[in-house]
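Take a look at these structures.
Both complexes below contain subunit A, partnered by subunit B and then by subunit C.
After this line comes the complex of A and B, so read on.
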């Protein structure tokens, strides 16, 4: 037997429990209730929070896109067009501006957005004319056979 | 407008406007959609749910709204007093007679997003049964919105020339 006296039987447990606990609690300080103070409750809450944060990285991209779309819809309604009509006619006119840039233009460059809306409106009127008219090409247009690659 | 100072530009961008809607002979649902869009701020390109960009909306003549179809008799508004046997159902007519602002208010309440900002947005909605608005609200109004529905005219509101000019299928 190695430990011959009582004092040698005492184990020295890990010296850094405080810092391991603080590592978890520091992520929980802004929570509500005892989850921000008590380690056992905080561990579960912090794990859930990290899982939500991981999942939210994909959801953030979806939310940003819906926000851009609602902003573009608001701006286009200010100019008398609706969002689906605007996007369809911009695509038809081969203007490949994405929704992020369009929403930024709508906020900071209103005149550029107005010009894009007018372009889309012209394309829309041309589409109406082609659908409802008599099949003749409108004057001044020399080729409508331009497609996106 | 771009030659103004940045602070003046920001103040003008985020200022809260007051819109006026006349609900005479209009369907309350269409009035409510217009109100809900402007209360949330979805008519602005700077919209964000957390930014509190909604405007004030004043609806006048809410006593003279016009439901289409048989909704005055068939549309039911339900509520419960939380006591047993306290389920109440009233028709649109009965509710309108009891409180002329309730139909538009409930319609707008149901069209707003179900979050904590809904109550704040409802506080920014001002309903008046007739067209006499108080002084302080009249001073705040910035824009009147066009009515969603064109009011049809009765036969006696057409002039004799218009009646004669209307195309007929056959002459007796």
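After this line comes the complex of A and C, so read on.
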């Protein structure tokens, strides 16, 4: 007598569950707690980690830019200029050095940064001179700054 | 009469200071503090004053900072002096290590000799090819800097590099997930990378 229906009752599951699980767990091995061992907890943690990584790649660019700006502002204040004045005058003098390189120059090449600050300062004074003109009031205008005569 | 009174007060103050000890000086000063600075200023300010003197108040000068005007002759002289110095430096070729700011692959790099640069895209050159990076924005050494507005000439600075490696980046995961909406995407991004080694930076000794 041969029992043939026994073999029909055996379910043949997928052959590679182990590797699919390892694919997820290998990304979670450095996590803390049971998330680094148990698959159902690890799946959620790994998903969050990947989403945070994708978002952080965009935010990193913003953070780096603010860091460069604050460094350039500090360095320009050492030389008696402010950051908006420095950038505006560098743009007016058509010097197209970007903020990342400016912050690197401020750190490693202080003399070059000083020369750039002086260039911006000269442009600023020129702008002030052009705005102030002769220094005299136009005739027939009564202003608060009354000079003793 | 006012003068004699004030000088009398001064004498009294001076004798007080001489007679009393240091620790009693402070209450004496507080009583006379209002009068004494006026006395001193009046006594010293009588001697030398130009007729156009305006006492400094909140409205005595304009609220914007004073502008220092530089005449064009002075500027030209200054420019000539600077030019001479830089030309002598370049002619001697005594400068040590030069650095340059190069615009390459839509990014600016601050570069010296023997530097390695990683670029996240593809270039048509082969491995081992020698490349000249043309868009130089700034060249400098320890004693001088040449700032381009925006670029100094093509003949002024020369930056040469070699292509060392052409690889791909590590597989970055791009994942989006919206909770409680059954939405998630996963994509693996692999970007081509190129490693350049900067061989030389040269400055041509010709400036006007």
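Note that in this section the second predicted complex is superposed on the first by the 126 of 149 C-alpha atoms of A that agree within 3 Å, B and C clash if a C-alpha of one lies under 4 Å from a C-alpha of the other, contacts with A are read in each partner's own complex, and residues count from 1 in each chain.
We adopt the following convention: contacts are C-beta pairs under 8 Å (C-beta built on N, C-alpha and C of every residue); 3 or more make two chains touch, one makes a residue touch a chain.
Source: prediction; values computed, not measured.
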Worksheet item: Does subunit B (first) or subunit C (second) touch A:106, or do both, or does neither?
Response: first
Discussion item. Tell me the contact category for A:67 with respect to subunit B and subunit C: first, second, both or neither.
Written reply: first
Worksheet entry | Partner, of subunit C and subunit B, that touches more residues belonging to subunit A | C
Item to complete: Classify the contacts of A:78 with the two partner chains as first (subunit B alone), second (subunit C alone), both, or neither.
Response: first
Discussion item. Contacts for A:23 in the overlay, against subunit B (first) and subunit C (second): which applies, first, second, both or neither?
Written reply: neither
Practice prompt. Determine where on subunit A the residues touched by subunit B overlap those touched by subunit C, and list them.
Written response: none
Response to the item:
Interface with subunit C, subunit A side, in the complex: residues 47-48, 50-51, 53-54, 57, 93-98, 100-101, 104-105, 108-109, 111-112, 115-116, 119, 122, 125, 128-129, 132, 144-148
Discussion item. Taking the touch rule as given, give the residues of subunit C at its contact with subunit A in the complex, in rising order.
Written reply: 52, 54, 59, 61-62, 64-65, 67-70, 99, 101, 103, 108-110, 137-138, 140, 142, 145, 147-150, 172-177, 184, 186
Item to complete: Can you check the complex and tell me which residues of subunit B touch subunit A?
Response: 42-48
Worksheet item: Can you list the residues on subunit A that touch subunit B in the complex?
Response: 67, 70-75, 77-78, 103, 106-107
